[in-house]
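Note that the chains are named A, B, C, D and E in the order they appear, and that numbering of residues resets to 1 at the start of each chain.
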Amino acid sequence: MIIARIVGTVVSSQKDERLMGKKLLIVRPVNLDGTDTSGYVVAVDTVGAGFHERVLVVAGSSARLATGMKDTPVDAAIVGVIDTVDISPESS
Amino acid sequence: MIIARIVGTVVSSQKDERLMGKKLLIVRPVNLDGTDTSGYVVAVDTVGAGFHERVLVVAGSSARLATGMKDTPVDAAIVGVIDTVDISPESS
Amino acid sequence: MIIARIVGTVVSSQKDERLMGKKLLIVRPVNLDGTDTSGYVVAVDTVGAGFHERVLVVAGSSARLATGMKDTPVDAAIVGVIDTVDISPESS
Amino acid sequence: MIIARIVGTVVSSQKDERLMGKKLLIVRPVNLDGTDTSGYVVAVDTVGAGFHERVLVVAGSSARLATGMKDTPVDAAIVGVIDTVDISPESS
Amino acid sequence: MIIARIVGTVVSSQKDERLMGKKLLIVRPVNLDGTDTSGYVVAVDTVGAGFHERVLVVAGSSARLATGMKDTPVDAAIVGVIDTVDISPESS
């Protein structure tokens, strides 16, 4: 999984019927120092995440295991809102 | 999923029989500022997208969940035509 | 899927039994201007493609949906010989 | 699989119910010379790995084959604690 | 699939029970000119490959289709020992 930040939304009216009613968000992966990367992914929200929140994003076939995504053509899903990230890169 | 723009078509007469009748399009992933990236993907259209439209592309095994793609050897499918993309990268 | 060009063959006598009799080809992904990229993939041919032909390559689990590849340990398959690629990058 | 080092933890209270009770760790892939790469992955621990230990990480759908991860929306799992890595890059 | 060279071994005693008895090898993808790339992958050997041999590596869910890997949490498997690679990049 990756940590990402919600930065936008995608609106699509002509789409696969199994995507109807799904919330499509644009998320930017973040580096461990908290800065955004230059890339992005469109992920479906399954946990009611808020704008600009840091979220946990699962990719690939496992995105279809997120709540309500069974048999849905999605390859990225938001499966958690992140409270804290604790990093300790050096050995103590 | 990624946002991409349709830039071309692929014609193949000698192909897997489950690809017969499928529309193979060349799409370029786009950056969040709207510019094209240098890469491309061949994706099967499942929503009747038009040339140069911005579309939502799903990759990997989930492409086979797009309408009509069950058990088809495809790894990328167009599953939506994009109306608008709203970006708000900075926290307010 | 990607567009690639067949540039070589791989011979392996000591291999998984489900790969016996499969034709393993080295393909180079091509850019949209027709030039080769620097990378390569070993893909199994399922459509009788000829040397140096441009082909359509499917990757990941979907490669196992190519004809004759069910339950085979392959992650890339040639599923089409490409006749023409038409590109029109700019909006008219 | 890749070799990675555990460098942090992720805390998320609002998450997919199948992730409840799962230990989410931040791991950095390491190079063969033992240095860390700049990237990272959030992986679920399934073997009781300790902080700063080098671990074996499996990605993609196979992460769901790790102990206790069936039908769980995860795409990376720690499946081993590494004792030693022996490298001999040159032919003798 | 990719062509790689076996350069090392990984020893792990605390690991997923389905990995017990599996041989975990470090392989380096090779370029078409025969040189090693800078990356590496940990792959499970399923064909009895020897040290420094060039091997065929399958990645992703298809690694679980290699002999003896059913329901095993692996994402890369050695499925062939390579005898020869014949490259002919230019059209004749």
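As a convention for this text, a contact is a pair of C-beta atoms (placed from the backbone, for glycine too) under 8 Å apart; a residue touches a chain by one contact, two chains touch by 3 or more.
Since this is a predicted model, take the numbers as computed values, not measurements.
Chemist: Starting at chain A, what is the smallest number of hops through touching chains needed to reach chain D?
Modeler: Shortest path length, in steps: 1.
Chemist: With chain centres defined as C-alpha means, what is the inter-centre distance between chain A and chain B in Å?
Modeler: Whole-Å distance between the two chain centres: 19.
Chemist: List the centre-to-centre spacing of chain C and chain D in whole Å, with centres computed as mean CA coordinates.
Modeler: 31
Chemist: Please set out, as single numbers or ranges, the residues of chain A touching at least two other chains.
Modeler: Correct list: 60-61, 63.
Chemist: Under a traversal of the ring that begins at chain A and continues to chain B, how are the chains ordered?
Modeler: Listed round the ring from chain A, with chain B adjacent next, the chains are A, B, C, E, D.
Chemist: Mind pulling up the chain E residues that touch chain D in the complex?
Modeler: Its residues touching chain D are 7-19, 24, 26, 28, 36, 40-43, 51-52, 60-61, 63-64, 71-76.
Chemist: Per the contact definition, I'd like the list of chain C residues that touch chain B in the complex.
Modeler: Residues of chain C touching chain B: 1-3, 32, 46-49, 56, 58-63, 65-67, 77, 79-89, 91-92.
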